[in-house]
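Each of the two complexes below includes chain A, the first together with chain B, the second together with chain C.
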Partner chain A sequence: MVENARSINIVASILLAIGILYIVGPLYLTLSTASQSYEYILTNGLAWVPGTELFTNMAKVIHDTRIPVQMLNSMIVAFSNALATCALSFLSAYAIVYFRIRWAGVVFALILATIMLPLDIRVITTYQVASNIFSPLNAVLDVTGLNALTANMFGAPVHLELSVLNTHFGLVAPLVAHGTGTFLFRQFFLTLPKDLFKAARMDGAGPIRFLIDILLPLARPSVASLFVLTFLSGWTQYLWPLVGASTPDMQTAVVGLARLVPDSDGQVPDFPMIMAGAVLVSLVPLTMIALLQRFLVQGLVLSEK
Partner chain B sequence: MTAIDTAIRATAADIELIGVTKAYDAKTTVIPPINVALRPGEFTVVLGPSGCGKSTLLQMIAGLERVSGGKIVIGGREVQDLEPKHRGCAMVFQNYALYPHMTVAENMAYSLKVAGVSKADRAQRVGVVAKMVGLADFLPRKPGQLSGGQRQRVAIGRAIIREPGVLLFDEPLSNLDAQLRHDMRVELADLHRRIGATSVFVTHDQVEAMTLADRILILNKGLIEQFDTPKAIYHHPASVFVAKFIGAPPMNILAVTGDGSALRLADGQVVANYADKGSFQLGIRPEDIAVNAGGSIKAEIRYREDLGSHEILETNIADQNLRITMPFGAEIDTEQTLSLSFPRARLHLFDSETGRAIHNAFDDAKTAPTFVKEYQ
Partner chain C sequence: MSSESSLFGHCWLPLLLVAPLMLLIVLFFYVPVFQAFYWSFFLEQPFGGGSEFVGLQNFARVLSDPEFWMAGWRTIVFMLTASTLAVAVPLMLAIAADRKIGLSYAARNILVWPKGIAGAAIGVVFAFIFNPFVGLMAPLNALFPGLWNPGMDGTDAFVTLVAAHVWSGIPFNFVILLAGLRSIPPTMYQAAAMDGASPWRRIADVQLPLIMPQLFLTFVLEFTESITSVFALIDTMTGGGPGGSTTLLVYKIYIDGFRGFDLSGASTQTAILMVFVLLLAACQFVFLGRRINYER
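Entry: the complex of A and B
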């Protein structure tokens, strides 16, 4: 029920104002700090007033740190993550909705289960697998006794090794397998007339043709929103890039930002430069949100349903 | 119009189903072996209650469902293992199933595009078909901007553009309102006459079946109850199921016993003379009963329904329900007991166990009663 009482309006406005202050305050501090000099921070502490050093600080970030390379890494990771997630979810939802697959329900349930097991929970096992992507295969060979057999016959057990740590592929792959996209597309496909697939078959279009000519154009808004959502989440990932990449040249921008704080004690970090870096790194997702806001909202609504 | 009439004209193909069955697993058989032959250019309506397997049958002909056994022969070719596009069929769906992102023209031309027909030829064919289905002014629109009837026309246009030998309709009119349904029925009949494709039309609406069909195939639980012209089905139903399914209100079915000379109701009233003994089911249409014309059968009125053009009396006869249709203006006192007579020529007799009709039972030329041939 919507009340029109004045007192409620005032209370609501105050609450909202507090909320806005809570969110905008740190952003303001970031910007104002980024525009002051290191010396100002050393003498005055928190920068409550904006200064004039913003571009000097940004130039410092670009010339003196690895942030530009790391932003490129972030770009590659976020973009491939978004692209691969869209492709994978689209195809898996297509298979689940339009084909009679044995155990389709079970498969879908397993895919959904990944939503409840975020990367943060399985980061250790993911690291183990990434350090040798054949380790699951090796384990299977060990457990089934096949390795004992090969050891007997050929003198040595099979042991394959390939590490994808510190590669772009290694950074992207664990992020891609995620059920949200499949769920989103499945929900969307279910809203389409169910005879569409049959009509296309009568018109002579096979499954691939149907996918390209009918399904993809219809799903374009959903694909766009999933792309934006996964791009943003790929860009802001922290834990996995921190673990999965060990050299500064492979790290992503968000990890790189955190690394700008010096490890040694007693030294005051160059906060203006770090904040300028933070502003730079936020520019990409901010631009994206500004331009593709429509799809973002649509995607959030779809995944809520 | 004459140029258009000749532009889209299909070479009608005959369809033969030989022992076609459909079973999803060992327990659920949707369609037991079915044998039926449809003549080239014939308009067949498959009629039955929901769940009788009529849509499955249609989809098996189309190639959207695999057959579990048997052969489907279209135009002399065995097609049961072919993909839909190689069978020469086109289909109109119940919910239209138009491609929402394509314009009317693109929707209709899609099958030609898939088949690799050149752009110029496609545009020319779309023009012809659009005129035929009355959509020439709507070609650049999207389906979302059209009314239900117009969408249905697009679906029909999309089906006929390839000049298929066989046109399949899956309850295409059930989403339309009553007036539109009537108009589309007339248009469909006209289109069928002009295109000449063999048409199979699935519906549960007996009015559509009676008005459109050359022959009606009545399905019940996957079995063919009767396959005949609308007239024959109305006047000579082959079973109790058909008798009750066709006609509004449906035919009255009364349980009677033959004592060797007459058929009697449970309360002993004689309804007709008949020489055989045993229990039977007697059928008579509500409009065939003669009221207060010196008849000897007594019935009590329970309820009276005035429909303007005629009225329907619900009466009670030997504890069974009997419906009578009366022409408008008939003087009937609701309190009154009616005296009825059942014209002999209008009676139908059915075996009480199998429900199949016993033909010529009341033929006074004394031809021996014959059982109607069963399809299975």
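Entry: the complex of A and C
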């Protein structure tokens, strides 16, 4: 199709240039500031040109703060979040799509409803549950009168207590309790031809064999997409790790980074060091995006179809 | 949806497959949601100090608190401005990147980067860039003292919040909208061009109507997103200040619950916010969803 589209192409190019500048600008300023000394920032303000202090500032972050151990926490949280979400939602989507069960619709609706109310909204009571994950069980025993019964028979009611606060499990579990993965895999299973299933049955494949030998290899790209997506979301979480872990050695890197900024308004904070921290904390997810961008984009599109 | 023979007939295996995820969802989603509503009718003492049924007193207390209404109002203002911008900016970029021009390949790559940067991290960075003494506006501030100070002026602080929110919202909305644009069949453009529609005209008459489902979707998700994910930005950029001018509801709930140990008040506000979010989504589906034609 040949036509004169010069005016629109010029406008589009300008828009894209502004958009790229908007995204890259703050990232560039972070990097250039991280490579300057504190004194330079005090006299010159924002660093427009990169300096030579990047590794000095990074070394300061690594030696003087808990960021390294916190990055290890972030790694554990993000990785287990991705792994658990992929595995558990794959299994539940499999059960919902490939089994003749009457409650499939109800279970899927219950899982999908989690998308409506994000963790950040229900953080107060999620914290209470995490501080004793048996509290719902205790409440059920109390309400049903079973506890009054045991109190009569054995002299004391059942009261179990187990806090998952300040543990990696506690940081990860509420993130996994989310429906996006199940939704994504269900959509994927529904696009597969029915004959695939019939052929596998005819060859004598049982549920487990069908899952491992046929569905899993086919779903590899979807698994990869969901993995990248949930890894990034686990790494970038803020509010839940902030309340779920109270000691610096259990906090995640993003929370640790936010804690680098001093609360007092007195003097100008050591911005080069903080920016070096921001660079360090963002290094892992950005590398991941650079390497696995195809899966990230696919994941974003798939999760909303 | 499928014939009987195309499904497995096990009875206990599917239960076993669903159980792990369901257990987590019940424990960390349904119990907390239920508990927020339950606690809003009780006066809860912190540190497990017992509870007392108070009926609607918590709601009466929260609803008569001007701070709550202020935070609610700011939440709505933020939701409308930030989510409109967070959809409109990626929309323009997506329409531009959909054209075959030199920059579009680079843009498709670069515009997803923010997905890897935590809200709190970009909050720390934006707080520095917009710092009135050493940041971007410092030279202007030297010329016109008091022109820009997010630490003193509530509007300035609000603007920096919106700018940071739009920044981190670009990847998702851009990718979704671009995917929508790219799924428009080329024959549509050709037909429109044959009828004499210029490239500009085709934006309004072909592209926008055909990506309505994606546009609707980004709006629905962005409304909830702007209400909740703003916490990381507030906590790192403004701390709710100056003078409470950036204390949105999600931040106020955190402060009341974790700093003030007012569990009942925080739960009541959580319950109100949940109902608001659910109503909002329902309204959007009823009023907007119906008008959108999903047929291609």
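The rule is simple: the second predicted complex is superposed on the first by the 283 of 305 C-alpha atoms of A that agree within 3 Å, B and C clash if a C-alpha of one lies under 4 Å from a C-alpha of the other, contacts with A are read in each partner's own complex, and residues count from 1 in each chain.
Keep this in mind: a residue touches a chain if its C-beta (ideal position, glycine included) is under 8 Å from a C-beta of that chain, and two chains touch if they have at least 3 such contacts.
Only a predicted model underlies this, so the values are computations on that prediction, with no experimental measurement involved.
On the shared subunit chain A, the superposed partners chain B and chain C are arranged side by side without overlap. By the document's definition of touching, neither partner reaches A:34: not chain B, not chain C.
In the superposition on chain A, A:218 makes contact with chain B only, not with chain C. Judged by the touch definition given at the top, the superposed model places A:198 against both chain B and chain C. In the superposed model, C is the one of chain B and chain C that contacts more residues of chain A. In the superposition on chain A, A:136 makes contact with chain C only, while chain B stays out of contact range.
Applying the stated contact rule after C-alpha superposition, one finds that A:239 touches chain C and leaves chain B untouched. Judged by the touch definition given at the top, the superposed model places A:296 against chain C, while chain B stays out of reach. Angle at chain A between chain B and chain C, computed from CA centres in the superposed arrangement: 90 degrees, to the nearest 10. Between chain B and chain C in the chain A overlay, the least Cα distance found is 5 Å. Shared interface residues of chain A, touching chain B in one complex and chain C in the other, are 194, 198, 201.
Chain A meets chain B in the complex at residues 192-196, 198-205, 209, 213-214, 217-218. On the side of chain A, the complex with chain C involves touching residues 1, 3, 5, 7-9, 11-13, 15-17, 19-20, 22-24, 26-27, 29-30, 33, 41-42, 45-46, 88-89, 91-92, 94-96, 98-101, 104, 107, 110-111, 113-114, 116-118, 120-130, 133, 136, 173-174, 176-179, 182, 194, 197-198, 201, 207, 232, 235-239, 242-243, 254-255, 257-258, 260-261, 265, 268, 271, 274-275, 278, 281-282, 285-286, 288-289, 293, 296-297, 300-301, 304. Residues 59, 62-64, 83-85, 89-91, 93-101, 110-111, 114-115, 158-159 of chain B touch chain A in their complex. Only residues 2, 4-11, 13-15, 17-18, 20-22, 24-33, 35-36, 39, 89, 92-93, 95-97, 99, 101-104, 106-107, 109-129, 131, 133-136, 138-139, 151, 167, 170-172, 175-176, 179, 189-190, 193, 199-200, 217, 221, 224-225, 227-229, 231-232, 235-236, 250, 253-254, 257-258, 263, 266-267, 270, 273-274, 277-278, 281 of chain C touch chain A when the two sit together in their complex.
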